[in-house]
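The structure that follows is given in the form of structure tokens.
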Amino acid sequence: MSFNTSGHLFRFTTWGESHGPALGVVVDGCPPGISLTPEMIQRDLDRRKPGQSKYTTQRREADEVKILSGVFEDERTDGPRTTGTPISLVIENTDQRSKDYADIRDKYRPGHADYTYDQKYGIRDYRGGGRTSARETAARVAAGAVARQVLSGISIRASLVQVGPHKIDYDNFDWDQVGENPFFCADAKAAALWADYLDGIRKAGNSVGAVIEVVAEHVPAGWGAPIYGKLSADLASAMMSINAVKGVEIGAGFEAASLTGVENADQMRAGPERPYFLNNHAGGILGGISNGDPVVCRFAVKPTSSILTPRQTVTTANQDTDIITKGRHDPCVGIRAVPVGEAMMALVLADHALRHRGQTGREGAVGFERN
Amino acid sequence: MSFNTSGHLFRFTTWGESHGPALGVVVDGCPPGISLTPEMIQRDLDRRKPGQSKYTTQRREADEVKILSGVFEDERTDGPRTTGTPISLVIENTDQRSKDYADIRDKYRPGHADYTYDQKYGIRDYRGGGRTSARETAARVAAGAVARQVLSGISIRASLVQVGPHKIDYDNFDWDQVGENPFFCADAKAAALWADYLDGIRKAGNSVGAVIEVVAEHVPAGWGAPIYGKLSADLASAMMSINAVKGVEIGAGFEAASLTGVENADQMRAGPERPYFLNNHAGGILGGISNGDPVVCRFAVKPTSSILTPRQTVTTANQDTDIITKGRHDPCVGIRAVPVGEAMMALVLADHALRHRGQTGREGAVGFERN
Amino acid sequence: MSFNTSGHLFRFTTWGESHGPALGVVVDGCPPGISLTPEMIQRDLDRRKPGQSKYTTQRREADEVKILSGVFEDERTDGPRTTGTPISLVIENTDQRSKDYADIRDKYRPGHADYTYDQKYGIRDYRGGGRTSARETAARVAAGAVARQVLSGISIRASLVQVGPHKIDYDNFDWDQVGENPFFCADAKAAALWADYLDGIRKAGNSVGAVIEVVAEHVPAGWGAPIYGKLSADLASAMMSINAVKGVEIGAGFEAASLTGVENADQMRAGPERPYFLNNHAGGILGGISNGDPVVCRFAVKPTSSILTPRQTVTTANQDTDIITKGRHDPCVGIRAVPVGEAMMALVLADHALRHRGQTGREGAVGFERN
Amino acid sequence: MSFNTSGHLFRFTTWGESHGPALGVVVDGCPPGISLTPEMIQRDLDRRKPGQSKYTTQRREADEVKILSGVFEDERTDGPRTTGTPISLVIENTDQRSKDYADIRDKYRPGHADYTYDQKYGIRDYRGGGRTSARETAARVAAGAVARQVLSGISIRASLVQVGPHKIDYDNFDWDQVGENPFFCADAKAAALWADYLDGIRKAGNSVGAVIEVVAEHVPAGWGAPIYGKLSADLASAMMSINAVKGVEIGAGFEAASLTGVENADQMRAGPERPYFLNNHAGGILGGISNGDPVVCRFAVKPTSSILTPRQTVTTANQDTDIITKGRHDPCVGIRAVPVGEAMMALVLADHALRHRGQTGREGAVGFERN
């Protein structure tokens, strides 16, 4: 990953600012012959779309994707198919409130990248945070939808597992619940509690952090490229690149530090066709390579930095001042990070699927669509 | 990062197996005119070297580095200086016990990458774990020593902050203590307790995990390359690529999930020359770019998988069996991961120092050595 | 360069097909604070635009560029300035004649990539050649215009120096003539002769090849990244990647093979501030690094493959047949390759300018715009 | 290609200076399970080795290669096999004459990179040219031998086709002759004439340039990665990166500029299994993708810059002076560039073989060794 491009064989490059005319992504290196329609992409975009509940920003964006290149259809292709050339996806920005930006133009918002962008570039598009806005994640989700098509047979799902100090009870974990509440939460009881909790946070002009868990099932053993392209390292980079993320863990993660070798070892038993593991502390990755078990990744999102409570800050002229970040902000940005986490998992896996096939000539991926 | 190379402008490529004749690294893109002697590298290698206490493997390796290219000295250079060409560093393997490898040849060691390497490559150098051995980290430490020379003025230090369930008390935190105990621990009291604890673990033929904290001070504001080359993302990838690491966090990390926006915001005040922050929950990084505060990164290491307690596993022929991993193993691999974490921090920062200078023409780095 | 992205620090990614809704490019890694308006880009696009004389395709395309991201303007920026974030440029396709594509759908056009795309991808957008169309070069020219802004002070010009067997006379070489004839030719006399010659070729339903010379002046000494990122190697790759190019040479090029060491040596003399060269057989590059002399690169373009003379070919079902490629084709694609060659030179130089600054901390570039 | 690394999936990184202790290469991304012995590499190294005739430098180097990593052998592997991990190859420098370097330390040798390295890096290992020495090509040849093993079934051969003004007669072209003369020349008659010609050149203390033709047969259709990773573009970059190369062409190359579309078109006919071409002006590449015909690449090498005839130059202090480059130099460096050209062809093809397989899941390569 470097600059605004990520991936080695299956690559994507995102562009666009919060208040520019549009944002988008170019997906390059996609296998040819994959079925791809705007609907397949829109499905995921709609899950990330703002304004779907009182727990997310009230900004109204259709987030309608257009496919400008890389797919082709004629009477013989049975619907639009990727051609192996770059897939350009564009999403127009439609709800850019015209407003006075003087406040964020002249003041640095604590927790935001205003100060660091000025330090790095000496110039900053401050309208809605410009390039640093979480709107950039729409482009990731669009690219991720393409990756999902490449990874047919592999299931990638995510759930919010913690909001503020409140964690879910894994005994209640049910993937079917994720679509039933505004938090993408697999624990219905936790979701109910979070509703009240977040109401309070929101009314107090405050915000909270969260933890998201992403799980990829049916990933074949053998994906990953040691030493510096480990599947775990690429997932860490991918998740940490999401706005506001401050931590990433695989499998047992930080909990592994407290375990003994006897406890942590995922013992193996002979299966009918191949061995299986008695536990998955490894999170499906050993030595940076997938072991056939579900790939389990969690990441922590800090609380929304834009809050209605006044905070101390400085002006761009290095003068003390205060700031209240008005606007339409998520009380918990972690909620909308759920589909983004799924997208990043899909993008990393698609890249490793192709890299593995390239180096070794092995498919690995059971369900991975042949071209 | 991809395959066995890491970095974009300041790049390094490692090679070698545990029981091959040697291992090494090629550092490419290093600025010219940097002072570099074998002693500067050996200093760091000696800290990672095995066999220095009963808490690390008793394997005896001199880990003596040779510089085969990339530096030049004559009567006008005031000692050896980098030339801007690739720096090849080689370390010979000297203590490869000749032994019977039949056991690990025919059985998969739980927690190790034996099974995944076989699944990926269909062939595996099982002698001492081959490429998956933590001996590879010697090459990282050697490369990291070169990066430190590039980053003059920037201080990079690390401490073990947790062993098994036992965390340090940050009130006792004193960098000067790191060199005074066999655990690279900044809390003398914790180190004393860990000594007894680890004795018990070792005698029980068991092992434990750990957490390492790496801190880089005097990093100028402005380093980092959004969106997919964020300083935080590259650190996450770098630390996660270290053997046995299962989690990485920046600043408040996972704790940030429990905080509110009011608590988490690092408020700013006007300083004499530039603004400063009242806290560092951000760990010195905002929007993927350094903000001038110390860059703080923690990573979790799982317990050593090689233990003397028999574990259930399977043979390469998918038959149930048990295994006891004899040999000279660290009861806590986290200890020797401390200098490795420092090296990875240095390598990531050196790369971003050059990338920032390349794109923006700004030095940023106050102390960053001019050529 | 890989897939549809080129460059290491100053990078660009192109996308789009001949008959898709649009084509475009994302320029990443551009220095911040550079002045950039659509007019600056349109200027170069208009030179490449089709339909400007009877010697180029009659396809009518406005080739109007839109800047969708990466520039920002407010009352303090003195016009639009780059922000250091990705610059997305889009050009709509407006003149896609609806026609029957059955002929090129079912037959392979000799000299085109129809057969190889089918062999590689198993699917092909045959409308106007799809991704293989020379329309892709519009995106290069747009990106090149951005690179020119980065390289202020460096002059990049090109001239057609051969059409079919007819070469220019360097004694008549005058850069001012390039804008005075439809061939971008610095030799007015040659241009006059080519006019008649090409009329004959066109009327005969035939086509011819050409040679373009690109010259960059005021390139500072020191740009280039040995060994595999030599300035000469990157130029060779850049020019060879242009549609229909079959050869590239630097300085004396193939002529150097016939020279002796005594003849070929560019002897040096002491200048007032720095040494200078008595000749430029090297084409401004020694050991892959610029030496301060003009960088001189030539490339050969094969004749347009689409001709009205029937040629033998096969169907996609491997049946013998003939084909006449109707349509609006350039009798000499080399003509419109002139601005494309300039763009590629600018793109390669901009990348090396940043890479050199990144590794060495030296500006090199005399006129290279400071941020 | 960037800095000292080349390739995208099949990658290699070279290091080392002419008068350092050793030089070498790390080959990364090699498919596992490939048979590889030192002898397979030595075979190619011995062809490039100096001192084999009076027409090449009399420097005596054994150029003995050691494999330090990446291959493994046990009773089940049927000889040494690649493991998919980095292959480190090292060649010691044994014949570094201790001599007085004051002359080239203080003077810039015309035609060499002395001046440009000083301008770029401000420091230079002048002993034997340091990193700019053609000794670096030994590392390429070693890496190329690994690539050949990956490309089993593909034949890669090269011939010297021009020395100074004297070209071969293609009617005499016979690959079997290449091993029968000291020039790697497929035309026995030309070789005989060159012998006398080069004797004269050498005795006159002069040198000449040359042209090498490299041909790869049985390359399957479909290899190459448009737009900026075209097979032709990567070959151009690869060949241009070889010391002293000033021009590269594919198929008809510069001659294509003089041809008409009618003459240049490689017409197609239906074959028993697949179509075939009536000519190969394309040099086996259409649209940057291989078409199944032999891949034909030629490159021009300038005359050796180190000659015994005094040339005008300047001192590092910018003072006029003369220089005679004494030492053991090739009167025609083009001769030893023949095996180097073969190696670069193999390296580019191996990379594209894996890239094609990765993106498309198609083997393409008929004889390309399965793992």
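All chains are identified by letter, namely A, B, C and D, in their written order; residue positions are counted from 1 within each chain.
To be clear about the criterion, a contact is a pair of C-beta atoms (placed from the backbone, for glycine too) under 8 Å apart; a residue touches a chain by one contact, two chains touch by 3 or more.
By chain, with names taken from UniProt: A, B, C, D = Chorismate synthase.
None of these values were measured; they are calculated from a predicted model.
Colleague: Any idea whether B-C or C-D has more C-beta pairs in contact?
Modeller: C-D
Colleague: Using C-alpha centroids, which chain lies at the maximum separation from subunit A (Chorismate synthase)?
Modeller: D
Colleague: Any idea how many Å lie between the Cα centroids of subunit B (Chorismate synthase) and subunit C (Chorismate synthase)?
Modeller: Comparing mean C-alpha positions, subunit C (Chorismate synthase) is 44 Å from subunit B (Chorismate synthase).
Colleague: In whole angstrom, what separates the CA-based centres of subunit A (Chorismate synthase) and subunit C (Chorismate synthase)?
Modeller: Centre separation, subunit A (Chorismate synthase) to subunit C (Chorismate synthase): 38 Å.
Colleague: Just how far, in Å, is the C-alpha centre of subunit D (Chorismate synthase) from the one of subunit C (Chorismate synthase)?
Modeller: Distance between chain centres: 26 Å.
Colleague: At least two other chains touched by the same residue of subunit B (Chorismate synthase): list those residues.
Modeller: 3-5, 8, 14, 29, 32, 84-85, 120-122, 131, 226, 360, 362, 371
Colleague: Applying the document's contact rule, which stretches of subunit B (Chorismate synthase) touch subunit D (Chorismate synthase) when the two form their complex?
Modeller: 3-5, 11, 13-17, 20-24, 26, 28-29, 32-33, 66, 68-70, 72, 74, 77, 81-88, 90, 105, 120-125, 130-131, 371
Colleague: Provide the residue numbers of subunit D (Chorismate synthase) that touch subunit A (Chorismate synthase) in the complex, in ascending order.
Modeller: It comes out as residues 8-9, 29-32, 84-85, 226, 354-355, 357-363, 370-371.
Colleague: Under the touch definition given earlier, write down the residues of subunit D (Chorismate synthase) that touch subunit C (Chorismate synthase) in their complex.
Modeller: Of all residues in subunit D (Chorismate synthase), those touching subunit C (Chorismate synthase) are 1-6, 8, 14, 108, 110-113, 115-117, 119-122, 131-132, 136, 162, 164-165, 201, 206-211, 221-230, 232-241, 243, 245-254, 256-271, 274-275, 278, 281-283, 285-292, 300-307, 309, 311-314, 318-320, 334, 356, 360, 362, 364.
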